[in-house]
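Labels run A, B, C and D following the written order; every chain starts at residue 1.
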């Protein structure tokens, strides 16, 4: 008797770009109200090719090249969402989302509230963000501080191939507007991943301990996760066993996971590319300091981008939080006590 | 022999609105490159009358009613500053500055840096901000978090009549772009002030201890200063002697004054109207927690607006940090230790 | 001498420009008439539908009364602020009248009257301006977008909604209102462009009432007329007398018809005038003289129609009285409605920010609840003590 | 039947509209010609100034060579990215040529060639795209604004600068460049409007090269032409063959003259084509076919002028060779300049954010300096050890 083993679909190396593309494709196939729109998302498939093939598969009415006007794009998406569609908007680069800021703050973030829940806006705004790709000015901003400070917005950012798929699906499925920050320097990062049976959609708002440790906690997200994991490996040589928390969403902020970890380790370093002053790390550090007051062996420190406009490509290596700077900072966590 | 006593010009009750108006008038009289521009700043004198009389005194070319387009206003001001003028731009209300966000972030904040100092932009952007005036939606935002997180911007906010004059003069005189946040509910606040010999221009970046105390430090700015002073008075009944620090500028942030105060008192509460999550208080609390780690008797707490869109007039009293909420928070500063 | 005659300059050195080179459409049909279109007092008035005009008349009278009542309410402290549409009632009312049940209206902050004319309860329409919750009605149920205060931002919404409806095969037209000042905003431009590129079923109604608060049109634009802006988007621009409700109704109806039948968007400039100050808080004497106001008062939308209908024997004293009585009834109901102190639940502050309340909002709600309970307790105790 | 004949409908019931009611200017002179204006290969070419045209020719040849060299540099990894203007050289060069010393140029990110044609060293012009500092020259000294990457944002700057110069009584014209895609942005609209209201001495040059990255003009606008947008601002719109440098020079000169003499702004649409991909990183085959490109190659700006000049006997083999040699010399200098590795000081990161370094930036600079010194030390020790 011959048995045919039902093999689980093979996980193969896939990029984050592919996972994001697949998430939109699956969402569009399942739900006819999902519409992708933005500059160059059609025939070109986006400048990063994240929307590759969608216009071909679903037609230009479902994946639409818009005129070049970000406020218009987001404003039109608001109207489409008012009518019951689920627009997925691509902003071509972080800094090119700024023209849409008024629409974002005064309408997108507030519409549900203004109408006492009568008119939610299920819009996903995809924003490639961060640096490390040798991009010239205006192409490498880490603008998450603006979004985080805006009530009504959900702010999500994946750091792995699997999360890229799962979190984008969850964002598109959300009835609230989501700023979906895509770490552009991880677009071509690879992981074994099964595009045929992509993992279940994780909920938004749950941080994940990516590496357990006992000496101190690194809290990070998006583009800085791989750097933190590398730093944690390197730290073993110095005798530190670092825990690494990947926030995955900045709003909602999974305070409990972070607080539990820091209470365990007694020390914390927040790591992100965005500028430090008034950046998301400020809130995280302030919350940890407040909630873990009696558990902390040392002040919460931050490793962030400098408080400067994003540097030109030839200098960005100095700006970005790297393994050495993280380790130097861990070393400052008052170990002598 | 008769001696004529040279009397110092009498200080008379004056409003913050008058002091601001006077600051522009004096700056325009002294420096022909100062130009005031914005919506309704001419014949009307602005919806808050802060530019009252300037068009009449200096002509419409010096105090100009622009078309209704905030990005255009700020963008034109950039060009004027490129040519050597010192534009003073009025944004009519906080939320109506959002359309100018791209110009602000991508040009105003970055131009000096982009050009390695060759092209500084001495633009003052006046933004009436905050609530407490019964204004409807979009008229009461506390948008300082956005500005604070943007390197290249100086962010100033007066809380007194005297500072309104001095800080606005200093802002107009600054060679860097300044976001000058005017607490609109203090426009009609009064103080004895001498319009004939206005006090010397204070430097930007120096916080002021408005009230000395020993029990704990309240750190605040702009519209919340009077509330904090009132709370400090009320706290005496409870046996607390509160110190109150008025930041006056959020960028640069006078960390030394704040840290010195908290190291002295051992306890700190940050108070502002802006939402707490990702708000300016996060940075302040994080910095205090880091720099005063061994001096703190209790975690740094914050009293802020809720993390919601600004409420309608009939509910705003619940949202705004008030004396009771500040005292409740002071009470949570682990006095039992 | 032509180039052909030049020695050696034969046809060979002239290249034919590539195909994409020529204008795609003829601009002429897009251009507005040189003068605002009028019906009342012109031969075109012969075509008027008496029934429709009587309805218009009743609505105008009601609209004027609504304006008066709302302004009175500001004086009584019952309304925080009111931007009046006295003088602009024909625009407001025609905009509402030309829409079908399934169509959508996108009002600016000034256009509560249009919402009322579309059937919204005046008390609901004034919720925002009263200081009560931001939007006082369910926009989807009424197909009236929330009043938009950030100028021109509602225009791309109208385009998106109309486009979405068209994609889904629904028969929906969106009519979006904006002021002369609002046309200077980038959002106006982007919305017009999207509408034309997508051929969305949307009608843009620009009420040129002469001012953006204190700023007169001449400082707002150097265009021949605002209607001329349409041509730059490949959309017809129409110039119409905004105080002539018959003309407004006709031009708007035509634009709605065009949109509905797949003919794409239209932009209409209604030339009108804001008779009162910007809002009750404004002092219009700072920026304009009486003579101008008087000239416009002589071109009053209600009087224009009343004269026409009276002259044609289509309206008599009884008709005028009936309209007045209906208006008074509305005003009385509005007064009563606004006298009732609205009951707001502070907990609503936290209930609609997200679909699911975040932990942080739960904390904040709990804090406020505790504060309120403590305050109540205190009051109670004080009450007991007295 | 006219309204007068109606019983009772006499003149009395017609009101005269108030004075502010009519269009302020005539739209007709603002409208562009129906076809792009051409000179080369038409009778108008008779008027050409041979000296000027020979200069144009040399500049075009140099510009083409500059494009080729810059693209080559991307392949060698010497330039991070380069947006080519092959096919658009006539626009770039004419824009620079029509300006006086004291005038200002506001280039978009694509317009390094215009900056070079205005006299900027190619190496300085390419600083940004090389990955070196953001702006490679002193804008005030060169009167060339920094290359603007956020589309259309440079246009209000040009208006503000031109306005400021005029207020101060200086003879300065600003010429601002933007693409077809950029016209969709709100900033384009706001800049055009401010310019017209202020009658600022500014010239808007829109290079319609058919695409915004992959998006063709038809998805960008439904306007008859982009030049038609001008009328909505009360500004003349001109349509011109952007590959015809004689036409470009003439139309731009006229607009600059008009601006200089107080006649206000002009908007010019130059119809041209982007022969190469959006940048070296782009794959144009994804969104357009060869046939279109070939049709445009046959309408090449250099060939158009070369044919005209040759046919008229104004250019011979020697002249062609001289232009080529000069272009080669520029290319060699550019190659050399780009071969030298730029030396950047990391401390510059902190030196220009504010006039006075903040305490926080001082701290951060100190940290980086310490890191760099430690790294150097380490390298040194390693070196010693080997």
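Rule of thumb we're sticking to: a contact is a pair of C-beta atoms (placed from the backbone, for glycine too) under 8 Å apart; a residue touches a chain by one contact, two chains touch by 3 or more.
Since the model is a prediction, treat every value here as computed from it, not as a measurement.
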- [ ] Among all other chains, pick the one whose mean CA position is farthest from the mean CA position of subunit A.
- [x] C
Open item on the list: Applying the document's contact definition, name the chain pair with more C-beta pairs in contact, B-D or A-D.
Closed with: B-D
Task: subunit A-subunit C separation of Cα centroids, rounded to whole Å - done: 39
Task: Rounded Å distance, subunit A centre to subunit D centre (Cα mean) - done: 36
- [ ] Would you mind pulling out the distance in Å between where the CA atoms of subunit A average out and where those of subunit B do?
- [x] 33
Open item on the list: Please output the residue numbers of subunit B that touch at least 2 other chains, ranges allowed.
Closed with: 66-67, 69, 71-72, 95, 98-99, 102, 106, 110, 113-114, 137-138, 151-152, 251, 253, 277, 307-309
- [ ] Would you mind listing the residues of subunit C that make contact with two or more other chains?
- [x] 133-134, 150, 184-187, 189-190, 193, 197, 219-221, 348, 353, 358, 360
TODO: Over in the complex, which subunit D residues touch subunit C? Could you list them?
DONE: 1-3, 6-10, 12-27, 30-31, 34-36, 38, 40-43, 45-46, 184-190, 193, 196-197, 199, 210, 217-225, 228-235, 239, 241, 264, 271, 273, 292, 295-296, 298-300, 303-304, 307-308, 310-313
Task: Contact set on subunit D toward subunit A in their complex - done: 80-81, 128-129, 131-134, 149-151, 181-182, 184-187, 212-215, 219-221, 283, 286-287, 342, 344, 346, 348-350, 353, 358, 360-361, 364, 368, 371-372
Task: Touch list for subunit D against partner subunit B, complex - done: 133-135, 138-141, 145-146, 150, 153, 155-165, 167-168, 172, 174, 186-187, 189-191, 193-194, 197, 348, 351-355, 358-360
Open item on the list: List the residues on subunit B that touch subunit A in their complex, please.
Closed with: 71, 95, 98-99, 101-102, 105-106, 109-110, 113-114, 137-138, 141, 145-146, 148-149, 151-152, 251, 253, 274-275, 277-283, 285-286, 289-291, 293, 296, 298-302, 307-309
Task: For the subunit A and subunit D complex, residues of the former touching the latter - done: 39-40, 42-45, 47, 65-72, 95-96, 98-99, 134-139, 277, 306-309, 311-315, 318-319, 324-325, 328
